[in-house]
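Heads up, the next two complexes both have subunit A, just with different partners, subunit B and then subunit C.
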Partner chain A sequence: MRARTIRRRGPTGEHRLSLLFLAPSLIIFTIFVFYPLGRTFYLSTMGTDIIGRANKFVGLDNFAAMFGDPGFFKALGTTALFVLFTVVPGVVGGLAVVLLLESRIRGQRMFRTVFALPFAFSVATASVIFALIYNPAVGMANGVLSHLGVDRIGWLTEPDLALISISITTVWMTLGYNVLVLSAGVGAIPVEVVEAARLDGATGWRLHGRITVPMLSPQLFFLIVISTIHALQSFGQIHILTKGGPDGATSTLVYWIYEKAFSYGSSDFGTASAAAIVLLVVVLVCTGIQFGVLERRVHYR
Partner chain B sequence: MALPRSRRTRGGLAVAAALSLALTGCGGDGGSDVGGQDATAPGADAITEPVTIEFWHSMKEKNELAVKALADDFRKVNDKITVKPVFKGDYDQMVVAYKQAIQQEATPPLVQIYDIGSRFMYDAQQVVPMYKFIEQDKFDQSANIEPNIASYYTIKGKLWSMPFNSSAPLLYMNADAVRKAGLDPDKPPATLDEIGEWAKKLTVKDGGTVTQFGFNAALYGWFVEQLTAQDNAEYCDNGNGRNGLATKVNFGTGAGPKFAQWLGDLVKQGYATNTGRPTDQAQNAFKTGTIALHLESTSALGGYTAAAKDKFELRTAPFPKPSASSGGGTIIGGASLWINAAGHTDAEKRAAWEFVKFANTPEQQAKWHAATGYVPVNPQAKSNDDPNFQVAVTQLRAQQPSPATSGCLLGVMPEARKGAEVGLEQAVPAGAGQEPRMPAEQAMQNAAATLQSPIQKYNANVGQ
Partner chain C sequence: MSAPSTASSAVSKAVVYLVLVVCALPVLFPLYYAFVGGIMTPGDLASYPPNLVPTAIDLGNYSSAMETIPLARQYLNSAIQTGIVTVCQLASSVLAAYAFAFLRMWAKTAMFGLFMVTLMVPWEAIILPNYLLISDLGLTKGPLTYLGLTLPFLAHAFGTFLLRQSFLQFPLEVRDAAVMDGCGHLRFLWRILLPLSKPAIAAVGVYVFMTTWNQYFWPLILGNDDQYKTLQIGVSMLNDAESSSPTLILAGVTLALLPTLALVVFGQRFIIRGLTSGAVK
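Take a look at the complex of A and B:
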């Protein structure tokens, strides 16, 4: 095998060799990315029978059905709010925690571990625990409030509050990861830079604002992109805590797709695929904007 | 399978015929491959050598152990048949998995499907209807299957699947709380209005906050179906979908808006709490003892009995009626067993039936019931003497099967249930002193109207 490769070491031989090395990832991408993608586009133009088999070409009917469904636009709006409610507090909160940890307090290491801990929870576990906390009749959240003389709150049953409650759960889950990434980033800032700033008299917020945060911009940018994509794809916490309710208040685009395709015996893969294409476009546009606008402000060393 | 003998000129045709037979997975034992009305039930002679069949089910935890025990017991008396239980996720996930299996022509010989998936199973044309086996074996249906349970799975007068795990709705009471309020748990409330009266007396406040709610139930569409049947009304048209495909759901009028209005008022007045749609949330609340009256299925009884131990006395009562004049009954819940025809050999089909028959025997039903808490399907099976459980048995046997209490057969029944739940979400405020998002009547009517398009789509798809 080796001998043959060496003998053939011309441009074509190298080309083939590179293809050989690429093959595993190409095969995996083809099976798990390209094929489903192609299938999604195909299904979005097809009607489905009761078993979920594509049975007839319907052109753009699925898109028309989707755009004619008020629930779809509501889901789009909910998705935008959910991104806002999770990405901003998640990244800003992570940054705040890291900066506080930097101020050389006692037990710094312990706090770092404690804050990173939620990262170790699976979505399902965290959601089940939060379901108990949020229970309107017997949950811990209302228990604490009652000691403060505040009456019960329907954390997950008030349509205006449910999305915020789910966002709190989501931020709690992602904060640990954000803290980890940012902590690593802070650790990588060259000591000379910080020392130079200190010599120039920069302390506290001035030091953070002028040195630490700009030096962390690659990590912050990474987290904003990743959290946005994660928020757009969140599913588990919504499914366990509210099933998209009350009255569709927490049904994001991904949940809407799930309901069309799989839940309640539905197998409307046509409309679900059409919505999946919309989700793809949304993710592409968001990532595009982030790379186009934000990345220019990122300071890479 | 041997290729049919033929002359050269007809060879092409013969090969094509043989290929098509092979492609549809026809076995060599001459078994018919079609599912639905035309499927045939093979006799006992179909099993000549050892056969292993998969049984897809949705039973978890202690119920899954009971399924395994059932399969093991079966193996002991049938050395030629091995049943391999495979857990395929909850009821909804099972339907997803089953649909995928149909597409890949890889269905299991035996599958457990929830009650509200029955019409889909009928229309999917995959199964040997259970009555064909019953006729083949001269199986005594009336002696071995509770008529009020069989009626749900009976389509056009014939039994299509074997009821397996059945549950019934109940009113649950915290008897300690009831007595403390000067009420008698032996004379439980029988109508929604009576529950409302009780709930007022059973709500306890400490300062500004409520420490005990009079009533709580999940915003569960199943309750709307039950109350509709209690009114002896049909949930969907065409005789609850049993005379032909249903074309609309009826929960926009009658018991639907009545229940929504009633529950919304109780929550608004602070006598009930709204724990939302997930049934877990309502169950957790009741288990702590802070809820006096509560609606749930018999399947929750085991968990409640354990939770109430040393905490409060648990009592059950018949499921309430919408009003004193309601003359109907309740509908059975749970799931049933379906034997797949398409793509299976006669030996596999027969093996599935042998297992189904075994699971229905009085001994196995008694064992199954004791382990899981489901209502025994076989009336000869001994049920446990827990009076809380006997309430459900009495309730079930007291009623006459009718189209209303047989439940609605609808292809998109799971979506219809969810639709009713969305209506309830709009009609029931989140907490005391709050207004609902929409008046009950309007909410339930809108919800029922949203079902029109899925129903029409489904009916068009099955060609009627």
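Take a look at the complex of A and C:
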């Protein structure tokens, strides 16, 4: 019976069937991506009452309020620093680990698993552990330093240090992912290329510099873009470790949005939505760069 | 082929090992800290400088942690949330990927672009209107919280793209032969395609499981009742409530960590496949 229905389906039937198969995804995307996307723009032009309900059209007032707020620019600067402090060490560190693992050593798999382990941590579990490590009174970080005769440090309470401490946590969390991606990239390098270079006398770091790293450039590029986007979206580690403090020193763009919308007494969804549009634009630019470059790479083939 | 076995290469190998071990220590330390700290006596970690090696083993931390925060209940919540999202997202992705890979479709390129666009929108940029929508629907209260937690994530373009990629490699002759034998689309999908696509399904499944289990921002703003908060939120609540008892917090962290840790240790190849599909062709 079923077979006949299928065979009877002409092209029109197949079109309909494909729409049916797409329907679950399309419905979810419409309700939870496209509609909220439109509503973000709508909210950014609306004033809100005390519980965050849009109540009147205010034009670009929310944007004016946002750009008039020194805290917003501080958050943008903090976000840029956070990207710098996490993306560069994360990608360079991941590359260093993978190149070391490529030295034809025993226990390669074991080391790779070790370096991939932080990937199992959620932002909450990792941040809670680091909150304890950074704890000024009973934390391990100061405990180790005390053995070296160094005084206690306020890892999360010194304005100049807090963002770096959060960045260390973030790099620790993302290193495993970078190692996995780069390891897979190394595995995809054709054996002949490496062997040819070896026959030409390239060994060790020269081989890496001439062959491995250039061959990994697509993965490195991918990681730089993806880590930048992830850093831009980071929230949990800031919420758990510092709540944006001390004195706003670790309040990034996303955290600024959260505070505008959800922190005590503030339900300013209008200004928060204006900032969300800024976040959207920044992330879209990063994604655009990624697609642009990948597109070109495909053309070169 | 023949590795030069000179003294210098032996030395450089030793240096590589040394550097790797030195790098591995700080990477492993937080894990060690969670597992060992969770079974230490409170005094061991409360002293300054704290002990690195337990002087005695205290499993009471686990029960104390569970008394402070309803962690067992929140474990269940996380399991329900992750189970629903993983199963539904797999189902919606399989169907969409099948349509993209095997079926004729009106405006296929445009549809594909539409899916692509959803991947580019950062969740944090649309989290406010989603929150308003979910709370307007009353899905932040009681058991309905499960719906609020899961509804926005029942479909995701990532899985669709990865599965489509895998389906496209399926030999068309086999499919045509199956259809000639009177095999309908659903039967072909269920009986032939899915069993042969297990690695790709597993890759998507593991990825969705991990990202859902580890969610923080969405469950944080959604839950107002402790009984319906997820484990991740519970662990951070434990941190806020008991900041002076590290052993208790670490016991809670260890509990939250176990499922994903098991996946990373035993399912690494699926994770690699899922996570690197964007980076490696």
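The rule is simple: the second predicted complex is superposed on the first by the 259 of 301 C-alpha atoms of A that agree within 3 Å, B and C clash if a C-alpha of one lies under 4 Å from a C-alpha of the other, contacts with A are read in each partner's own complex, and residues count from 1 in each chain.
Here is the rule we use: a contact is a pair of C-beta atoms (placed from the backbone, for glycine too) under 8 Å apart; a residue touches a chain by one contact, two chains touch by 3 or more.
From a predicted model like this one, the values you see are computed outputs, not experimental measurements.
On the superposed subunit A, the two partners subunit B and subunit C do not both fit; they clash.
Contacts of A:Asp61 after superposition: neither subunit B nor subunit C is touched. Touch criterion met: A:Leu17 reaches subunit C, while subunit B stays clear of it.
Using the contact criterion defined above for the overlaid structures, shared-chain residue A:Ser273 touches subunit C, although it does not reach subunit B.
When the two complexes are overlaid on their common chain A, residue A:Val144 makes contact with subunit C while staying clear of subunit B.
In the superposition on chain A, A:Thr157 makes contact with subunit B only, while subunit C stays out of contact range. In the superposition on chain A, A:Ala131 makes contact with both subunit B and subunit C. Legend: residue contacts after superposition of the two complexes on their common chain; A:Asp49 is shown touching subunit B, with no touch to subunit C. Judged by the number of subunit A residues each one touches, C leads among subunit B and subunit C. By the touch criterion stated above, A:Phe262 is placed in contact with subunit B and with subunit C alike. For the contact definition in use here, the residues of subunit A common to its subunit B contact set and its subunit C contact set are 52, 131-132, 135, 137-138, 146, 240, 262. Those residues of subunit B whose C-beta lies close enough to touch subunit A in the complex are 92-93, 95-96, 99-100, 102-103, 116-117, 120, 123-124, 207-210, 213, 216, 273-278, 280-281, 284-285, 288, 290-291, 411-415, 417-418, 421-422, 425-426, 430-432, 434, 437, 454, 457-458, 461-462.
Residues 2-7, 11, 14-15, 17-19, 21-22, 24-29, 31-37, 39-40, 43, 52, 96-97, 100-101, 103-105, 111, 113-133, 135, 137-140, 142-144, 146-147, 172, 175-177, 180-181, 183-185, 188, 204, 218-219, 222-223, 226, 229, 232-233, 235-236, 239-240, 254, 257-258, 261-262, 269, 272-273, 276-277, 279-280, 283-284, 287 of subunit A touch subunit C in their complex. Within the complex, the subunit C residues that touch subunit A are 3, 12-13, 16-17, 19-20, 23-24, 26-31, 33-34, 37, 45-50, 52, 91-93, 95-96, 98-99, 103-106, 111, 114-115, 118, 120-133, 151-152, 154-155, 157, 160, 179, 182-187, 210, 213-217, 220-221, 232-233, 235-236, 238-239, 243-244, 246, 249-250, 252-253, 256-257, 260-261, 263-265, 268, 271-272, 275-276, 278-281. In the complex of the two chains, the subunit A residues touching subunit B come out as 49-53, 55, 131-132, 135-138, 146, 149, 151-154, 156-159, 161, 240-243, 245-248, 262-268.
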